[in-house]
Amino acid sequence: MKRMNGRRVVITQTSAFMGKDLIELFGAEGADLLADDRDLTVPGAAEALIAEAGKVDVLVANLAAEQPRTSVLDTDDAIFRAMYEAMVYPLHRLVRAVLPQMIARRRGKIVVMGSASGLKGMPNYSAYGSARGAQLAYVQDVGTEVAPHSVQVNAIAQTFVENPTYFPPSYQATAEFKERIKGAPLGRLAHGWESAALALFLAGDESDFFVGQVFPFSGGWVTR
Amino acid sequence: MKRMNGRRVVITQTSAFMGKDLIELFGAEGADLLADDRDLTVPGAAEALIAEAGKVDVLVANLAAEQPRTSVLDTDDAIFRAMYEAMVYPLHRLVRAVLPQMIARRRGKIVVMGSASGLKGMPNYSAYGSARGAQLAYVQDVGTEVAPHSVQVNAIAQTFVENPTYFPPSYQATAEFKERIKGAPLGRLAHGWESAALALFLAGDESDFFVGQVFPFSGGWVTR
Amino acid sequence: MKRMNGRRVVITQTSAFMGKDLIELFGAEGADLLADDRDLTVPGAAEALIAEAGKVDVLVANLAAEQPRTSVLDTDDAIFRAMYEAMVYPLHRLVRAVLPQMIARRRGKIVVMGSASGLKGMPNYSAYGSARGAQLAYVQDVGTEVAPHSVQVNAIAQTFVENPTYFPPSYQATAEFKERIKGAPLGRLAHGWESAALALFLAGDESDFFVGQVFPFSGGWVTR
Amino acid sequence: MKRMNGRRVVITQTSAFMGKDLIELFGAEGADLLADDRDLTVPGAAEALIAEAGKVDVLVANLAAEQPRTSVLDTDDAIFRAMYEAMVYPLHRLVRAVLPQMIARRRGKIVVMGSASGLKGMPNYSAYGSARGAQLAYVQDVGTEVAPHSVQVNAIAQTFVENPTYFPPSYQATAEFKERIKGAPLGRLAHGWESAALALFLAGDESDFFVGQVFPFSGGWVTR
C-alpha cells in the first residue's frame, strides 16, 4: 500500500529547495498533491493557497531564499529583512491558515523543511541562519501548542543535501564546498530523495508521537 | 515489499523494554530475526551472541535495567554500578563484536533503544539517568567514528512509551504517573509499535544519512 | 578593583526588561554608562545611539516586547511582525553599528539579554518565542563570525527572572504563575541582579573564551 | 573582598587536569583549601576525603583519566571500564558523601570539571567520551534533585584548555593539534585560569540560580 494514498498534500515554493524531490516521492507514494510555486511573500497568497487546497492532510512548508553570504557588517537592512519575508512570515501565514481545519478534524501534519544552520554558529550566516533559527523555534512553539489537538508539527533541519538552491552542481565543484563537506562525518551529500523520505516519515501515521521537534539531517555535521 | 526482507536482525534482551514490540514489527516486515534474551552482563555473552548470529545486517541494542528510583543519597555503589553493568558495558561489547563485519561489508545499522532520561535532569535518576546518558554519548562517538565506513549507528531516546519495564499497567494506574504524563504535550503514552516504527526507520535504507544521532521520542516532553 | 572600571558600556531600552538591574550593577562596578531608552524600532535610531556613545567596550543589547500570549490562530500579521521589529531587527542594527570599532581594536563584548523561550516549545508563544529564537541563532552566527577578531558575542536565555516586563508583581500573584513556577526545580524567581551578574561575567575579561554561546538562566527549567 | 573568603573548598585529583589552576585561583581568592591528590578509585577514598574535610562549602570535582584514543574496535573491556572507574564512580561517591551536610545547611556548591567531548561525537572517543557524557547526565539529574535544598550542582564541559593531562606542550606541538584547533572559532587554547574562573563563578553566590546545568567552554567549538 502506498504511504500517502488518499492524503491531500500541499507542497510550497516548488521551484526551490526540496520542491522537486518532495513532489517525486510524495507523488510516487500516492498523494493527492497540490504542488504550488506562487510567491508567498505576497499578502494573502498563503491564505489563498490553503483555501484553494480544500481539505489538507499534510502541509509541507518548503520555503527558501538564497543565502546572501554577506558578513554581518555588509548585511544591510534589506538583505536581513528579506530572509524573514521569504521564510518566516509566510511560514506563520501558511500554518495559521491550515491549522483550523486540522484542529477541527483532530488530524493533520505539518512538516517544515528547515536548515541545520539554525542550530549552529556559522560565519556570514547572520541573516539567513537567524531566520532559519526563527523557523525552528516557531515549530517548537506551535508543535507544543497544537499537540493536544492531535495535530503534529515538526521540522527538518538539514544541510549537505543535494538541491538546486543551496547545493547546486556549480557549488559542488568549488574548493569551498570540498573543504566544507569534510565537516560531515559521512563525507557525502544526501540525495534529495533521502530528505524527502524523512519528510514522508514525518507526514505519515508512524510518526504521530513526534510533536514540535526539530530533526537534524546533516550526515553527522550537527553532532560532530 | 516488506521493509526488512532478507535482512538479518539481532534484537537483544527481548523479555524487557521494547523487546516484544520490536520482534512483532521487524518480524512482520520480513526480517530474519535472532531475538535473544540471554543475560548480557555475563562475560563473553555479547560476543557469543554475535558469533551465533552470523551475518548481521541490523543490531537493535535493546538493553534495560529497572530504574531504582533512589535518591542520590540512597544510591549505594551496587545500585549505581548495576546500571552500567546492565546497559553500558554490554552495549560496548555488542557494538565492538558486530562492527568488524559491518565495516568489512561497508553496510550495517545499529539502533540503540535508549532513554530520554539521558537528556534531561530528573530527581532520583542519578544512577539510571547517567547510565542512559553514557549510552547516548557513546552512540554519538561511535556513530561519528564509523560513518566513513558506511555503517550507521543511532539511538532513540524515548520516554512515555508503553512497555513492561518502565510503563507497565500497574504504574499507569498510579497518581504519580497521572501527574507525570501532564509533562508530555501530547498527553498520552506512545504505543510500543510507534517506537518500534522509529527503530525500523533507523534500520532501513531510508535513514542512511543519519549517523551518531540521538532521536528524542517523547510526545514533546524533551522539547517543552 | 571594580570590574567595569574605565569601560564604556551601552545598555539599551532601559525602561524595559533587565534595564534597571543592569544599570545598577554595571554602575556599581564602575562602568562609564550610556543607559539609553530611545525607541530602537525607528530607522537610524540604533546607528545614532552607537554614534553618540563613541568608544564602546560593552554593548548590552536589552530588547523587549510584551508577549502577546495569543494562540497561533489569533496571532495576526501585525502581532507577529511586531516581535521581530522590536527584538530582532534592532539587534542586528545595534550589532552591525558597534562591531567595526570593536573589530578595529580587537576588543569588545556584546551581551544579548534573550529568553529561554527561544529554546523550548511553549503554547501561545509562536510570535514571541520564535523572535527570541531568532536572536539566539543570530548570536551563534555572529559570535562565530567575529571570534577571530577577539570580539565576544554571547546571549543569556533567561526565564523566571524578576523584571517589570515579564514577571511583574501583578503576574506573580496569579494562579498561572504559581503553577508555572513549579516547572523550575529551584522553585523561585531569580532576583534581577542575578541575571545582571551573569551579564557582568559575560562583559568582563574572565569570559573571553566564550563566543557565540547561549547561556540558559532558568532555575533549572531548561534542563528539567 | 576576596570571593572565596572563609569558604572551605575541596579540590580533587590535583595532579591532573585542572588541579593546578584551580588551586591557584581559589587560593588567591581566599579559599580555605583542601587540595587533595589521593587515588579516588580506591574504595572508601572519596568518603574519607570528605570526612577529613569537615565542613565543605564547595566541592570542585576534578577527575581525569588519560584518553586512550583507541578505535572502538580496539577498546577492550579494561580500557572501557577504566574510564568509568576513574571519572564516573568516584564522582558519585564524592557527591553522595558531601551532599548530606550541604542539604542540612541548605547551602553548598558542587562544580564538576567535565569535558565537551561528552556533548559531541568524536572518532576514537567511545570510552572516554561516553564516561564524560555520563558525568554530564549525572550532573543534570543530581542538580535537579537537590535544587529544592538550595544546593547547586553544575558542570563545565571544556575542551581546548591548557592543562597537563589533555593539552600538554608536547601535544600542542603536533600536526594533529594544529589541525584540530582550527575547529575552535576563537583559534586558541584557553589559559588554565580561564576555566578556573568559570569554576569560581559557579562556586560563588552570583550563580545561585544555575542548577543541574552544563556549561560548554570550548572557544566556540561546541556551537560551530
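Which chain is which? They are A, B, C and D, in the order written, and residues in each are numbered from 1.
We take it that a residue touches a chain if its C-beta (ideal position, glycine included) is under 8 Å from a C-beta of that chain, and two chains touch if they have at least 3 such contacts.
What you are looking at is a predicted structure, and each value in this text was computed from that prediction instead of being measured.
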{"item": "Chain separated most widely from subunit B, comparing mean CA positions", "value": "C"}
{"item": "Contact-richer chain pair [B-C vs B-D]", "value": "B-D"}
{"item": "Same or different residue numbers at the subunit A/subunit B copy interface, by half rule", "value": "same"}
{"item": "For subunit B paired with subunit D, centre-to-centre distance based on mean C-alpha positions, whole Å", "value": "28"}
{"item": "Interchain centroid distance [CA atoms averaged], subunit B/subunit C, Å", "value": "40"}
{"item": "Touching two or more other chains - residue numbers and ranges from subunit A", "value": "120-123, 140, 143-144, 185, 212, 220, 223-224"}
{"item": "Footprint of subunit A on subunit B - complex, ascending", "value": "140, 143-144, 147-148, 161, 185-187, 190, 194-195, 197-198, 201, 206-220, 222-224"}
{"item": "List of subunit C residues in touch with subunit B within their complex", "value": "120-123, 185, 220, 223-224"}
{"item": "Residue ranges of subunit A touching subunit C (in the complex, touch as defined)", "value": "71-73, 75, 77, 80-81, 84, 88-89, 92-93, 95-96, 99-100, 117-127, 129-138, 140-146, 212"}
